[in-house]
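Next come two complexes, and both contain subunit A; in the first it sits with subunit B, in the second with subunit C.
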Partner chain A sequence: MNTIGWPNFRSLNQEGIVFAIAVVLFVAAAIGLPGFIDANNLVAIVRSVSVLGILALGMAVVIIGRGIDLSAVAIMAMSVAWYLQLLNSGTPDGLAFAYVLAGVLAVGLLNGFLVAYADVPAIFVTLATGSFVFGYVRSQLITQDAVPVPQGHWVELLGGLRFLDIPIEVFVFAGLAFLFFLFLRYTKWGRYIYFAGDNPVAARNIGIPVRPMLVLRYVLSAFVALIAGLLTAASLHSINTRVVNSTLLYDIVLVAVIGGIGLSGGRGGVRNVLVGAALIGILLNAMTIIDIPLLYQNLIKAAILLGAIIVDGIINPRDEQTAQQGDI
Partner chain B sequence: MKFIRTLMAAATALAVTAFVAPTFAADDPGPAAYAQALKGKRVMLVPLAMGFDLAQGWAHYLKTEVEAWGGVFETRDPNWVVDAGAQAITDAISSDTRPDVLIIHAPDLNSYSKLMKKAQAAGTYVILVDNPANFPADAFVGSDWDRLGQLEAEAAIKGCGENSSKKIGLVQGDQANSSSLYQYAGIMKVLDKHPDFKVVAKPDSNWDATTSRNVTTTMLQQNPDICSIIDFWDGDATGASAAIRDAKLDGKVFLVTTGGGEKAADCDKLQDGTYGAVVMTDLARQSGDMNAIIKFLLQSGQPAGTSHTYIYTLEKATTKADLKPDSCWDLKALQAEAAAK
Partner chain C sequence: MSVRERLHSWRYNLVPDHVVGEILTKRWTDNAIPFLALVVTLATFGSVIPGFFKLTALQESTRQLGEFSMVVTGMTVVMLGGGIDLSVGSIFALSCFSAVYVFFILEQSIWLALAASLTTGLVFGAINGYLVGYLRLRAFLTTLVTFIFGRALFDILVTTYAADVQLSTATSDVLDFIGDSTFWGLSVSVWLAIILAIITHIALTRSRPGWHVLAVGGSRRSAHNAGIRVRRTVFMTYVFSGFCASIGGFLIACRLSGAGPGTGLNLEIMALTAAVVGGVSLGGGRGSVIKGLMGAIIVLTMTNGLIRLGYGTGTNQMVLGIMLAVAVTIDIRWLKNRHKVLNEVYVAPVYLKMGETQSAAPGSGTPYELDNRLSAADHIGLGELEGPEDVILDRDDNLYCGTRHGEIVRFFAPGYVRSEVFAHIGGFPLGLALDKSGNLISCVGAMGLYSVSPEREVKRLSAETSRSWTSIVDDARLRDPNDCDIAPDGRIYFTDSTKRYDAHDWALDSIENRATGRLLVYDPKDGSTKTLLDGYRYTNGVCMAHDGKSLFFAESWACRVHRYWLEGPKAGTAECVIRDMPGYPDNINRASDGNYWMAWLGMRTPSFDLSLRHPDMRKRMTRRLPQDEWLFPNINTGGVVKFNEKGGIVEAMGDLTGGAHPMVTSMREHKGFLFVGGILNNRIGRYKISGADPNWTSPTSYWGAKP
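Entry: the complex of A and B
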């Protein structure tokens, strides 16, 4: 046996590999880059991936249940843009928030209903609802891409909140990560998500309410997107709906998948999201300090993802079950 | 009696004037030729997206003029998607109602070159606005981005002052858009003349405010004594300003950016000190330039693609000190005006 010396490579999964890459990068950056290890910079790293990480938590729960939510970014940007637009046109705060919350939950319910009861593949449903949400809100409810936060509004104050000099987003990310961890690990419905994701038919046969749970996951993901949007607006004092056209959606999937949450469902957890977010955060921060142009940053990011997937494919060959069911 | 005679004389004089005046006007061939050349002509604006201040301002000013001379004004909204813009242009060229003038806001140097050539071949005048492209359009109306970059750099140097760290940070847009590339070239031209000033970092924001915030945070972390930051667009400079605010460096870092001179986007932020200087495009004048060249082309009788005119908009770096009530135009006011109609 191999108790001392080389680690057992066979026991390394993608999460382990990515974690190792993150640690290596971290150590290299700490040695090679002046100012990297500074406490403020470390806070900045965590903060830079907080919103991304929050969105990835919602995405992770959906993916574990063998689904995907491509409407997350549209919900995040458009709900908050609509909220701010309502405020700017004089709607009372409570009423505006109630409208937006109802809208967000409605889209989550619609996603869940179509996937669970109409049996439409999640990838198509959420792609369509995402486009619909963007198109409807952009054309009917708001007048401009960028909607500012009204002066002195609580969203603006939220952005200035600090505890121990650490921005509020970091605490929200940490808090949500903890809640999701508790939910997935210790609640009955949380455990059921794994069963449903691993084998929906079997889960249903043993009496798990697979369909209502599916709906719940999409509602959860939509709600988390709203929180992420509010935090973005809080920090920037405005929300720009252009973000829907950006690569943010792929970055969210990237964080979840690179951390080792399999797209075939039933595997992974909050820890995987944290590992994925850590790698992306360290990578982006180090590349910005070195002043690498964005084009190369994307190239490097993509190369590392590809590398992790290839290594995972070699170390953990696809088993019979995934081969039969296929990924989403 | 005398009073009545005077009154009659006055009435006669008035009547004569009233009759004579139109005769004079009818003798001026201008208005008739103008109306004949322009009436019913179609003008189409294809910006990068309709959802931001520049495009909405252009559309407002163009529409007012075009409709006033009896033309038809249309816009297309590609919503930042290059393919959608290409589709819009293709459809426009091949439709029955082919526009006589196509005003294009190019996303990069090359994407629409072939389509613009096709448009000209079909007989449509092509006017490029704001972003230059590798294509001999009938006219280019917009900023000289190189000059604009120079103005930004000069504003940054002035904002830093002689006794500062003389460290400048750039937040570029991307490495494909001509406005970003030429802006950078202009900035470097000025900084080459001031060798004591140094660019300490020059990350890209990809025109995204969150990215701008993150890279600026890192930049300030690495160089807390930066005296000025130039962000290449006011659309994402809100991110850079958030990073400055978060680092508690408000008032210490002089933030320079550029924009369309919209009140909420630029003047309000100069007023509250978020931006130190904004190189603003005089949008009403720029739209006026477009209107003038449209009228010229439609009356010229020359085939599309014959001449190539560059009309650069006068740019100026505005600071809080030289803000005037009319420094900016107000999108909200324009929208309210449009809604009232």
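Entry: the complex of A and C
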């Protein structure tokens, strides 16, 4: 996995390079930036990438299966916004959660169904469903951009939970990462994802249920997005739906791709997500400490993502003879 | 006839099932869905929103439409080339800003602002093009990233310079004119959009670079292998898209006299939705500028209409999301299944009850009784020939035949061993005839009626007849010209066997059994072609009667021979002279004894006759079974039949061994020999006819002794 095609540089895979850069950056920031190495700041870094990392885990599973989920952020923000709206308007907690869970699974199923059974490219399906989810929830189900968490609700309490002075989402991220690691590495369905991502036709020919597995991935991704949304609401005590129009989505792709999960599928794993998240976390934190305005941060992130995609394109080149027609 | 059969005959002969398949073959069905959507959208919003079609209201929305449709035109071209450009919103915004910056802050002329705008778009497009075209990155993600990049840049620039723009006092009449005025009732942006659309349409459909774009989009690999510079072509599509978006950006700069954070927001998903809703295919190759424009109108009407109806924030995204998902799914499913559906639906069998026939079995004692005489025929060109459907001999005894490679081959007398390609026409030359001056006239399957002069000059005589008003398929085109013969006055009578199938699919026509065969005449005096008779089940062989006053023609799937009168009291009418034969008749030619030779391409079987009475069964068969397993008429046994002027059968002969001439599609008598051809055969047979006139030749019979 992750080895570059150049035989002489076999040890230099993308994951290694990114990890090295992250370490170098970390050291540089520790030396150059006052307050960076501070324990609180380190916790803040881990915390800031937790939600990103959780979303990236879901995205990673989809990308490894040769897909992409552009609706993740919309599902994350809008499901929780709807949940909180239901709570605020007096719906019983259990019922409200059941509604939201059903909604999230429905969107995941819809994504999966359209990709797997209608053969529509994942990119268009999820772009459309993301747009739809945002538009529908925003215009029909909630009344304002930001929805607060009701007083004394468990989501609010979740945000205050600490263990060893470390916020709970860090542990959730770690736990999920471990679960995903086990899933991808040691379960049959996890291995199927790699086979289907590496060569869908061959996977189908040897009898792997490629289409149900595809649906599973999108449902999984939607579900992970819901968890990430709950954690976001927990730490901020509200959810702002404007996040859907921000660059968060591209940060998720950035974490996955920069960690070395090839967009052509079949490559990568949880470790790549962790490495990618580490680099992005350090980078974002350092930029914030240096006080680079948010707009410029976006510019820098876009430039990095572009670089990552170019490198990905060079490592996994596409050829006139082997390129799939309509593979855009 | 039982009640079931009667119901079947009504159900399958009166309900025009074949229309569905014929409509599906039309290219315009691709446009029908988006067009319908357009009409429905306009009608709905027009009726719901008061004053929707008022000129003042249209004025503002058409301005927006002008800018938007330009962006969509660019997107369409990129998508036709097999890519996608999500950065159009950023290009649009940045170009808008460039114009604003040059005009309001640098206070330069409006033309310089235009130049800045265009440069921005071209440079941005070139970056996209380089990344996607030359570095071959994934179009979607790459342009998504350049979109974020451009957007971030734009946000920075706008926040930095917003105040300066507000304070600027620069004005220009040109700017006001572009932004606010109209020209012949339409705003400048609409005019520009129309001009751009026309130019792009012409370029795509009628110029080499445009064809290259379509070729690359249609099949990148084939385009590459054909020597088209794929990478450069892809590069150019993105540059063009950048160019289009930058004009749009310039126009909005003129209209709003500024740039704000909302400029070009969500434009990419709108443009993408517009293109896809209009019917421009993802993955390239299929679509047109017009479709993109239709989509642009639909999307803009929809989003603007919803805003005017007062729906809240997010409604637009919701509607765009639904439209995009539905349109993409329809597009993908349609593309994938159209051929499947067409293949399944196209064959629409009809009911026919064939009449009782006499047996042709050896020893049955009927006039049709086949024997084994043809198996003794000598062979000519064995293994060299593929598919000599018809054979003919000229005054010098040379032998001509068509092949499935589209050639007319000539075998030299007297040995018929040496051969040459006499002429290459293309198609599949079927029926042959020699005219008075020695030109070889041929019905070329899938092409038309052709003439080859003795100097081998190939000339097309006719490829179409007049179109009937009610037919959905283009029945002016000759699809399966089959056999011809020439009247004493030089007019060429020929058959076109079916309107529904191409020449090589003639067996499918037998399963459908729909009566669409025609008899036509070509007049060499004025070059016109007229349809004389229509509605026969596969018209086939044609032969002038010995007196030249009437002609015989075969109706294959009905196993009948008809006589069409050219002169006399019955002129212009046809009568059936032989009916209910046991074989399917093919070509008919003159015999030396005043009778006529007729080929049988195959024999009727009880099972196929029964299937003709069960169109439902044949329909199921064509839908559910692979073609190899269909029940076809028997074409593995045929024969040659001689009949007289009155339609009485004189004799019949065949090759019961099936070794030499199982299927016969034509035969020609020449100097006491019968030359036998078969469309699926690999040889021409030569059979000595006992008691035949050893000096009789067909050209003499038609045109008299050598002048």
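Here is the rule we go by: the second predicted complex is superposed on the first by the 286 of 328 C-alpha atoms of A that agree within 3 Å, B and C clash if a C-alpha of one lies under 4 Å from a C-alpha of the other, contacts with A are read in each partner's own complex, and residues count from 1 in each chain.
Everything below uses one rule, namely that contacts are C-beta pairs under 8 Å (C-beta built on N, C-alpha and C of every residue); 3 or more make two chains touch, one makes a residue touch a chain.
A quick note: this is a predicted structure, and the numbers were derived from the prediction, not measured.
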Partner chain(s) touched by A:138 [first = subunit B, second = subunit C, both, neither]: both
Partner chain(s) touched by A:238 [first = subunit B, second = subunit C, both, neither]: first
Touched subunit A residues, subunit B compared with subunit C: C
Partner chain(s) touched by A:156 [first = subunit B, second = subunit C, both, neither]: neither
First, second, both or neither for A:48, with subunit B first and subunit C second: first
Subunit B versus subunit C as contact partner of A:295, first or second or both or neither: both
Which superposed partner A:130 touches (first subunit B, second subunit C, both, neither): second
Partner chain in contact with A:93 - subunit B first, subunit C second, else both or neither: neither
Doubly contacted subunit A residues - partners subunit C and subunit B: 138, 145, 295
Residues of subunit B touching subunit A in the complex: 49, 51-53, 56, 79-81, 174-175, 201-204, 206-210, 213-215, 217-219, 221-222, 235-236, 238-239, 242, 245-246, 264-265, 331, 335
Touching residues (chain side subunit A, partner subunit B) in the complex: 34-35, 38, 40-41, 44, 47-48, 51, 138, 143-146, 148, 159-160, 167, 232, 235-238, 240-243, 245-246, 284-285, 288-289, 291, 293-295
Complex contact set, residues of subunit C against subunit A: 82-84, 131, 135-142, 144-146, 148-149, 151-153, 155-156, 159, 219-221, 224, 230, 269, 272, 276, 282-284, 311-322, 324-325, 328-329, 332-333, 336
Interface residues, subunit A side, partner subunit C - complex: 68, 114, 118-121, 123-125, 127-140, 145, 247, 250, 253, 263, 295-296, 298-299, 301-303, 305-306, 309-310, 313-314, 317-318, 320-321, 323, 325-328
